[in-house]
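Look at the two complexes coming up: subunit A is in both, with subunit B in one and subunit C in the other.
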Partner chain A sequence: MPTLKIDGKDIAVPAGTSIIEAAKKAGTFIPHYCYHPGLSVAGNCRMCLVEVEKSPKLQISCFIPVADGMVVHTENDRVKEAREAVLEFLLVNHPLDCPVCDQSGECELQNYYMNYGLYESRLFEDKVKKEKVVPIGPTVMLDGERCVLCSRCVRFCDEVTGTHEMGIVNRGDHAEITVAPGKELDNAYSGNTVDICPVGALTDRDFRFKCRVWFLEKTSSICPGCSRGCNIEIHWNKERPYQTPNERVMRLKPRVNPEVNQWWICDEGRYNYHFIDQNRVLYPMKNNGKDLVQASWQEVMEEGSWVMKELQNTAVIVSTDVTLEDLWIAKELFIHKLGIQTIAYLPTKKSGEEDHLLRKSDKTPNTKGAQALGFEAKANEIFSLAEAGKIKTLILFGHNLIDLLGKERAQKIAEKVDSMVWIGSNQHEGMNLAKWIIPSSVYAEKDGTFMNYEGRVQRIFKAFPALGESKAEWQILKEWAQHIGINLPYENSSVIFEKMVQAESAFNGMSYQKLGEEGVLLNDSKDEGRGTMDDGRKKHVL
Partner chain B sequence: MENDAAIGAYEYTCYRINNGFVKGIHLVNRKELTFLERIYIFEAFKGILITSTHFFKNIFLHTAHLLGFLKGQSAAVTIQYPDEKREYAPRLRTRHRLVQREDGSPRCVACMLCETVCPAKCIYIIAGEDPDPNIEKVAKKFDIDLGKCVYCGFCVEVCPEDAIRMDTQIMDIAAYSREEMLLDMDELLHPGSRKNG
Partner chain C sequence: MSACPKILSQHFDVPNAHKIEVYCSRGGYTSARKVLTEMGAEQVIEEVKKSNLRGLGGAGFPTGMKWGFIPRQSKKPCYVVINADEGEPGTFKDRYILCLDPHALIEGVIIACFAVKSHKAFIYIRGEYVEPVRIFRGAVEEAYEKGFLGKGIFGTDYSLDLIIHVGAGAYICGEETALLDSLEGKKGFPRLKPPFPAVKGLFNSPTVINNVETLACVPHIINKGAEWFSKLGCEKNGGTRLYSVSGHVKKPGLYELPLGTSLKEIIYEHAGGIRQDLILKAVIPGGISSSILKANEIDIRMDFNSLAAAGTMLGSAGIMVMDETTCMVKALLVATRFFAHESCGQCSPCREGTGWILKIVERIWEGKGRPQDLDNLIDISQNIEGNTICAFGDAAASPVISYIKKFRGEFEHHIKTGSCDLVEAALK
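Right, the complex of A and B next:
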């Protein structure tokens, strides 16, 4: 391993590492625009200049690999002066749009200007005009004037998605970012270009002007959009209800996890957050034969608890949207304490598109978790039993029977079953078939874990309190159990997780601490294909 | 105990000041009341005397003015609000207004800096897309709750577009309910109007 000196600090890194990465390891941040660890090196912004001893000119640290005995200075006068000059150059044609620009608050031009620029302006305000506010695709808006031509977005479309929609045309001052003639930026991952654009040239049409970024709170979570389980951050705000009425979540952003999603998430997942605040079931309801009417928790728990006593003919279908904690409580209660045999898991959504990058066809986050806890995929068997009139009580976790089975079959089942209980978070047509409706919280409102398709257990964190009277599934089951005299002494999800780890050998050695930011793989999960993008492309080292 | 220590420290500071450690401060010691002052009744009469002297002097002078005498001597003047209004200094911070562009649209681009800086959290803005790409962003809704505003003027100072000012010279901000204290964008753009009041 070559050893080099960066600002007087010795550091050994693997051969082939670039200076910028070595510096990061040594704890020195080198400002940069075009360099992105997930993309190839372009070396066109010149922001990362450093002085390497014995070489006559300053060098770009993103491109130069380390060598043994190298001595690098990142903070001397020559470097500082060069950075200042580069910034001045980059800002020559940059409009001072900051009050309007959605990037304001997250913009590297602003940040670097304050940290490394602060030069006397020599500007005479005859800037080259370019196109502004161009919708270049369904999700992305382009402002040519603000672009610093770092080419990150171009490389993203070339290297990651391989769809080649974007390019830089013209030369010099007139160079401009654009989409290829007749094309749109509409690949399944287009939102990522907004994340990697260091300035406000590409903005998210979904998020634009909805909320200034400095008002946002951030909570780490896992995307529930498919079984990949991409690491995300939920950006939310509830202090300003007048800005976005009845909407708390403003956007989702990917969180770097080299083992799962690297730096990216798909658009499907990125824009899949509206359900958190829309069409929610806010309070328990009861079907009086014609309509659903509001009921109290007391009513549901007491009148509904007979449902649980009639064990012979009770069937339960859990969903794969809920956390491992919820599933394990369901297992404890229904299988261990009540001995129900007719219990199965069933994803609430039909399978969808899958590709070589991240998206998986299973569009729910915890199917593997349900399997690992021993739930079986025999929902169809249960539905057939129900059709034959052999099921009196059917407990569903958010499933839309009409969607899954078709209207006719769903209605038939609803007629044959005496009492259908539906525990779910979002309203849909299928919910009306149930006799009891119990409101549950969504993933952003609870603590817990999901297990992704390769058996990685990852944490989700509670961002804000549950809407209306809804509660986490484990809590609902626990209270219900209490009404029929079964004590499930678990106060929060971390206690449940601990108990689950003790009870299920596959989870051996796990704890919320150990899961941390990147999650832990289940003991018996296979090694194949893990942590790489599925096309086997070289995994980037962080 | 803690209190004693605090008092001690306070006395020490006074001592330092009294002994000239701190220069440039004019110290006035509190005057002890005399016996007559402390029994209060004489002081009360003294007060009544002063008040009535002014009262009768003013009545006399105002009557004289009415009759056309003693014009040179001024009597106490009050402003007959709301018939008369007082002139304010131009720099006084009065009710907010939003500045318009030439075509009458608001100059505000909903950057929300004023909302961010406002210490009373009384500005509520909703941003929207402007059809003109050179403007790009516009305030769709802009409310200020004057019931909360502390007239600090930070919002004016922070605005990068010079879109909000407090130069309307309107100070009579009163209403019968909290809701009426809320200025909407229309009223802010046309400061003379008062829908609510």
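Right, the complex of A and C next:
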């Protein structure tokens, strides 16, 4: 391994590592615009210039690989002056409309100007005018004047999605980002261009002008949109609730996980957050034969002691939207304590599009988890039993029977079943078939874990309290067990996880702490195959 | 006047010089035939190395060495690309070869391709060269008809196709890697190096890129020997050079002279001196990208080292002569307008800097200059210099820095008075 000196610090890195990555390892941040570890090197912004001893010119650290004995300076006067000069160039034609720019607060022009610029303007000339507010696709808005032409967005569409919608036209300071004639930026991953755009040139049409970013609270989570389990951050409005009444979540952003999603998420997942704040089931309800009317927890707990009554005729269908913790409590209660055999898992959503990049056809986050805990895919058997009048109580976890089975069959099942109990978070037509409605919280309101398609267990964190009277599924089941005299002595999800690990050998050795940032593969004893952010794509992703 | 044998331009005056019969009648294509039938590829490369032929597009890289860089065992095809995108202002040598001796170039291409085992060559001709394109196209067709291009050349099993590509008008496509991008159908953006084209060039394959003038020398080297050729020049630099002389001289035009000929001699003897016998003011020695020389600096040998020592360069050997009636502010305006227009726009310093510089110079020209403008111009240029992807950035900076440093008084006067009465005074 070549050893080099960066600002006086010795560091050994694998041959072929760029100076910028070596510096990162040494704890030195080198400012950059065009460089992105997930894309090819363009070397066009020149922000990452550093001095390499024995090279007459400054070198771009994103491109130059380390060499043994190399001596690099990233903070000397020569480098600082060059950086300042590059910033000055980038701002020559910049419209300086930061006050009305969505990127404000997370813009690398602003950040670097404060850190490396702070020069006095010597610009007296008119600026080049370019088009602003150009909707280049359903998700992205382009402001040509704010663009620093780093070409990240172009490279993303060329190299990651391979869809080639974007390009640069014209020369010199008239060069502009645009979409190819007759094309739109409408690939399944278009929102990522906004994330990687270092400035306010590409903004998200879904997020524009909703909230200043400095009012956003950020919570780590896992996208529940499919079984990939992309790592995300939930950005929610904490301090200015009046800005966006009744909406807490403002946007989702990818969180880097080289093992799962690298730097990206799909648009389906990205814009799949409105359900968190909209159309929620806020309190327990019961069906009075005509309508669903509000009920108290006491009522649903007591009057609904269905399982006690008809134990041999009870069936449970858990969903794959809930956490491992929820599922394990369901297993504890229904299988171990109550001995129910007619229990199955069923995704609440129909399968959808899959591609070679991230998206998986299973549009729920925890199918593998349900399987790992021993739930079987025999929901259809249960439905047939129900149709045949052999099920008295049917407990569903958020499923929309009308959507899944068609109206006719769903209604038939509802008629044959005495008590249909529906534990879920969001209202839909199928919910009306139930006799009892119990409101559950959504993933953003929970601590817990999901297991993705390859068996990776990853953590989600509670961003904010559950809406209305809703509760996590494990809590609902625990309280309800109490009503029928069963004690499930778990106070929080981490205790449940510990118990689950003890009980289920496949989870051996796992703990919340060990799941860390990248999650842990089921029964994965060796870690060698794990990548770091530096060594590019992993085959299961691309 | 030095007695120098003309090589490249010796037949320019022959009627119908561009016709294949005319070319063949003076022994044309015999060197290519000799190479294909009697010589090995390595032998050809050795010969060119010995001749000390250097790239005549501007960079001056030894040609034989360049050919030698092509990996021998590559699984990919190897390409030869001829850079005929002659766009450097003040330069018009390649155009003469394309029009007046196209077959010498084609013959050079055949030899080069054989030497690097390539079966496909592309010539990228400047889009504005409508007439040269027409003539050269005709020459290529003739060569195909004669069987000098195509399958089984000269009865050997060697085949070669030469494809003509006409540029779309961007100066930057003369930069060899931008040229490759453009040939591939992309926007012409210079590439980061390494990898160099010899390893990863056109369509990611090993590629040799040579200038027109360079390849046109090759048949002569084969015919008359590397030693003869190397002796024509000076140390490490074989052959002659085509100097394009333009501007305020009595006889502007193309002059083939040895490398190292004095600039003064070229201007005053070959090009007939300054028009109307006015006083010389400044000379650009190697195309617009080279730093300007003042009248008292022209007693200088036109070779790589002497010009470098004087802070400028031989470049494309496009000599632009300015007499005392030239306003240096205007001259700089023309140069900066060119660079601002032609910057590919890829890297920040060049993209933004060239446009910014132009606006300042324009303002000075319009009589609205400010005293700090000159220092700012130099500083901006120095911030571009050395910090860009390709050499264009340096090229754009050099006129600004050299014109202002050498003619600062005139610029200051212009800023102060808002006009250029210095020039008017000279004209009286």
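The rule is simple: the second predicted complex is superposed on the first by the 516 of 542 C-alpha atoms of A that agree within 3 Å, B and C clash if a C-alpha of one lies under 4 Å from a C-alpha of the other, contacts with A are read in each partner's own complex, and residues count from 1 in each chain.
Just so it is clear, a contact is a pair of C-beta atoms (placed from the backbone, for glycine too) under 8 Å apart; a residue touches a chain by one contact, two chains touch by 3 or more.
Note that the coordinates shown come from a computational prediction; the quantities given were computed from them, not determined experimentally.
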For this session: Return first, second, both or neither, reflecting whether A:41 touches subunit B, subunit C, both chains, or no partner chain.
Result: second
Exercise. So, A:148: does it touch subunit B (first), subunit C (second), both, or neither?
Worked result: second
Problem set entry | Which superposed partner A:90 touches (first subunit B, second subunit C, both, neither) | second
Exercise. Touching A:209, do we find subunit B (first), subunit C (second), both, or neither?
Worked result: first
For this session: Considering only touches as defined above, state whether A:292 meets subunit B (first), subunit C (second), both or neither.
Result: neither
Exercise. Quick one: subunit B or subunit C, who's touching more of subunit A?
Worked result: C
For this session: Please work out whether A:123 is in contact with subunit B alone, subunit C alone, both, or neither, and reply first, second, both or neither.
Result: second
Exercise. When the two structures are overlaid on chain A, which partner does A:188 contact: first (subunit B), second (subunit C), both, or neither?
Worked result: neither
Seminar exercise, completed: Residue overlap on subunit A between the subunit B interface and the subunit C interface none
Seminar exercise, completed: The subunit A residues in contact with subunit B across the complex are 97-100, 104, 132-133, 208-210, 212, 214-215, 240, 242-243
For this session: Write out the stretch or stretches of subunit A touching subunit C in their complex.
Result: 41-47, 49, 56-58, 63, 82, 85-86, 88-90, 92-93, 122-126, 128, 148-149, 167-175
Seminar exercise, completed: Within their complex, subunit C touches subunit A through residues 170, 172, 187, 192, 340-349, 351-356, 359-360, 363, 370, 372, 376, 383, 386-389
Exercise. Within the complex, which stretch of subunit B touches subunit A?
Worked result: 109-113, 116, 124-129, 133-137, 141, 143, 160-161
